[in-house]
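Chains: A, B, C, D and E, in written order; residue numbering restarts at 1 for each.
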């Protein structure tokens, strides 16, 4: 009975959503909004348009990855907020679980895991770093990069009963977050606008391009990595 | 410059992660800094973050309404930061983050950005509400809040599809009636949880009544106020009051239902949290009349309510079974509760009169009836609690020994706030001015649009 | 002349001073209170009619003012007489009684400030504000009484709030429609109002505040529990004064807004609205009388009698002809004085014996003769037996009813009068007459400080009973100011269309009768005094003295006739528990549910909104 | 062609979502959830959103599952 | 097309909430809803035949799908995982406090 009623309600909800379909464009036939158009053409301040990979330079934003340019530059404030959400929830996990020593599962991790982690871990960390360093050029960026690093930490936890993150992770977390804000404040100091891209943007497609975008993405990578590792670490503690 | 209001608390929070225990003593300075900064800021300033102009980047809008809301919220935070006793040791970081996010919530001129700040606020609120081992209540709040957040996100996206922009001013200018039929529903669901509208306010009693003083003291005052501000901003400035007739009905139902449930509570905090729900419903139905006067009355009432609730919740959470050893605290409690039920001489009376006047002016006779009916019920339980605490039945001597005296700074701040209640009762112009400014900022959406988008 | 607003402020600040003084020394605080209230009485006595003061302005276009009207002055003087005399009584009483004497004294002053404000308000809003202040002050005192008093205080405030919020609703309707709130202007606008419904609504809703406050029928239940459980001396103020605030609002709603001119006549010159109110008064008389007969607690007994007397006042005011209106106003005075006397004498008894149950006492006449005299005169006045002032007002009301031809009401008021003999006799017999209980052998008469106010009240009621001119002067000026034909009287003779009444003659006759009876009592030998237990036990062992006390089931033979009466207290109790269980259901459905429940409600809300929009 | 793939993935996602919701053992639902997350990665790739796809793959499919499993282990395994 | 998929997934998530009594299942339903909404948002910006919004050697001309929803989803995913982590930690504590994760048993224990 309960299931039937639930199904009925769910059906009604789906009907509600379907009834909104006439409002939105058909699948695959969306059109770019003026905002997106401007973001793609890097034309917000009116001197972009007609961008060529590897040639155009000194645009208002130099990231080849448009999504990155939005995430870290045009809507960087959102990202600051997002990092804060993650920071807060990592903090919250710590507060709620409030464990202080490493939980032991009382079972020696098996040999293959231990050895392969030893081999894989540098690769994983390297890959994570690559992902967030090239965030402005290729898909990826600080979030997946940080997550990959956290995955490496998770492997360490799984393979080693004694391993526990030290307080350093807290420092990394705090420092990288502070640096993000400080970069924004530097913009405020330099040009009077919070989070402004005050460095030269360079040529689209180069590694050293688009001003503060890679810097911030690296910071985000560290921060996300530290926070997610923190969550993983808290889940391995007891107290 | 207004970005500093968000950046500075965040920076401090990030910097002090490794030194969590010291941060308690920095809180007053941060709050004071924000307060002074706001007072120094010029009104009618639009801050284009990252230098990207209005419909493209994120803007922070400091107009009449957000300016005065910021003042209110930051004063609350400042007062709370002066009572370090109620801030449990790890929660001071959360306090800072909450401060940043609420400032952001009020300042932001971008719908998606408001979603992000909403999420920060709710995450911080989940953590706050889990104090005193109230895990199940916090979990329920988390589920409800996240689902509401999901709907808010959907609403944001629909309005993006409808207007091609996420900027509130741009949406306000371009949104058409087809989308006005869908977007408000989704946003309403998203905000209803935080604004405590009737069927979605189930988390409130569990969370407010966890026994911690800080949780309700922040959530029922600062957070509620900013949510109500956001509600007004979105539904009145952006949607031009399109959806408000539905909100009106929901608000009235909320009032009746919450007051009825409050009647049988045997826990003071629970009763007060139901009263908080009811007042929120009342506020929403008052502003749903969507005129300058009704908004003034509504925000004036909200200010009175949060002032009273500030005192009530802190005392209710920290006092034992009676006022036997805390007479001054008891006086503050009684003053706040008299204001809550609108006795003359106290602040609540003025807002009640204003609401009645506005309602009658709008040919609205149901709202006054509901208001008066709700107040009668509220009188019953609020005064019952007053009597119970002042004239405790049979207090054993050892219990009397056990009750602690509240420390002087708590008492002082509570008494100051109680004094404010009395002063407002005689001279309401201070609060009225805030309410009028908020109301004028919210209703004048043309000015808002030109302010943000430039003279288009 | 001292402004009234100044007086009110003095009272409000005086409350703080009184609190501090009483903290240091209770008796000095009480003396301070007495001096302040007595001073207020003096100030009020000297007020000129028509004196106006501006206060403040809360709503646009409405200047809140005080204005001295004859009606307000009359009521305020009665109130202050009661309050100041009770304050005098409290000087001694406070040594033993209230748990928080400092707060008690402070709240009495706050309440008095509210009361003074109520009687001199010139507009509806000012009246409301001071009304609530008076309620606030009095509500805070009630829970200092007996065990049930905490519940009583809540019931008191809630009932009061029901009335005053209906009043507020009407006030705002008027404000919204006319933009003014002054009494004179409102009545002028009402006279030009075409809609009958609106007039009905205004008068009824404004009167409802008075109905709630003076314990008229649908809202009468709070009187028993509140008067019965409040601190003993404060019951005197509650019954003698606060209830009269309700009568004042009733008088305003019926006469200041001239109901007879506003609405068409329904029955011999009385509009239907007034007629309904008269019937409410009738029901109150019946309920008050019959329920008073049943009470074993002497304070609750007199509380019910207050219901009945409130009914008398309402009947008198509702008739709205010169003699009826005058009778109603006169009865306000009489009941205020009589109730104060009775409650003070009870307070004295409780002060000495520590109980309010009638069947736990007896024979106190030998120990507390002066208290007995006060009580005796009080009940004579309350029952309306001639030499006291109580008779005059009842006589006037009967007269008015007779001239209007309202015979049913007349019958009911007669029944009420007869009933009042019955119920006032119960405490008389149970408490003061009969055999003295063993545990009360050591009881002494109360000290002169307590006796003086009681005897002053006694003398006052006897004096007005013989020479009612001071009160009648007031009433005539009130009736003149309200455009009602004033009553005729000369010296001690009151004239009506049905005849006249000479109080002096009657007093002389009664005095002669009393002296004869006294002489006979002294000459003839007295009955033998026996122990309480002696007369009933015939060899069996006594387990329970109470069962053998003659005051147990005093009126059992009468009560048996209406044992299964419909109880409004139970009805309201059911209503409250209905609300509570509604709240419980809501709580279970919406606020205590699991995450599933929350999602369910979110879905439901979306579906409802979806359904509404499409 | 692409529509067919999308429908196929969609059906698979729905099935795994239902399995995640209805399965008796918690650990099974985690696996189903992870599967659903992975399938959504394919959808993101099809819809030309590589950034989102990478993030979803690492966060949604990887870390979420890890966190859930760790939590389950912390409360002492699966007890239906 | 994808619209329907995401709607159905939202529906399944809601269904999970309504029918399941285990708190873990609630978190899973929440995640399902989040994922569904993300898919929906991305599909709103999809333009068939156009490329991923990244300038590269292979896509020199700006024929891109809408990048803004992708940026938003990126944010939403991370927020989602943050909330999930918080929820999981609350859940662990709920289990420690009540010894069960079944809603009805928790209510029964809270009533005591």
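Before moving on, here are some points about what is shown:
Rule of thumb we're sticking to: a contact is a pair of C-beta atoms (placed from the backbone, for glycine too) under 8 Å apart; a residue touches a chain by one contact, two chains touch by 3 or more.
Quick caveat: nothing in here was measured; it's all calculated off a predicted structure.
The chains touching chain B as well as chain C are A, E. Relative to the whole-protein C-alpha centroid, the nearest chain centroid is that of B.
The interface with the greater number of C-beta contacts, when A-B is set against A-C, is A-B. Taking the mean Cα position of each chain as its centre, C sits at the greatest distance from chain E. Of all the chains, the one whose CA centre sits at the greatest distance from that of chain A is C.
Averaged C-alpha coordinates put the centre of chain C at 75 Å from the centre of chain D. Chain centres here are Cα averages; for chain A and chain E they lie 16 Å apart. Mean C-alpha positions place chain A and chain D at a centre distance of 20 Å. Centre-to-centre separation between chain B and chain E, using Cα means, comes to 28 Å.
The set of chain E residues touching two or more other chains comprises 1-2, 4, 8, 12, 14-15, 17-20, 23, 26-27, 43-46, 48, 52-54, 65, 68, 70, 72, 74-75, 77-79, 81-83, 85-86, 88-93, 106. Residues of chain A found to touch two or more other chains are 9-10, 13, 24-25, 33, 35, 39, 65, 67, 75, 78, 81-82, 85, 88-89, 92, 96, 139, 141, 143, 228, 231, 235.
With touch defined as above, residues shared between interfaces to two or more other chains in chain B number as follows: 112, 116, 119, 123, 126-127, 130, 135, 139, 143, 147, 160-161, 166, 182. Of all possible chain pairs, those that touch are A-B, A-C, A-D, A-E, B-C, B-E, C-E, D-E.
The touching residues of chain D, counted against chain E in their complex, run 2-3, 6-7, 9-10, 13-14, 17-18, 20-22, 26, 29-30, 33, 36-37, 40, 43-44, 47-52, 55-56, 59-60, 63-64, 67-68, 71-72, 74-75. By the touch criterion given at the top, residues 20, 23-25, 33-35, 38-39, 44-45, 73-78, 80-82, 84-85, 87-89, 91-92, 94-96, 98, 167, 170-171, 173-175, 177-178, 180-182, 184-185, 187-188, 191, 193-197 of chain A touch chain B in their complex. Of all residues in chain C, only 600, 603-604, 606-607, 610, 614 touch chain A in the complex they form. Across the complex, chain A is touched by residues 49-55, 57-59, 62-63, 66-67, 70-71, 73-74 of chain D. Taken together, the chain B residues at the contact with chain C in this complex read 139-140, 143-144, 147-148, 151, 181-182, 185, 188-189, 192, 198-206, 246, 257, 260-264, 274, 338, 343-345, 349-350, 353, 356-357, 360-361, 368-369, 372, 375-377, 379-380, 383-384, 387-388, 390-391.
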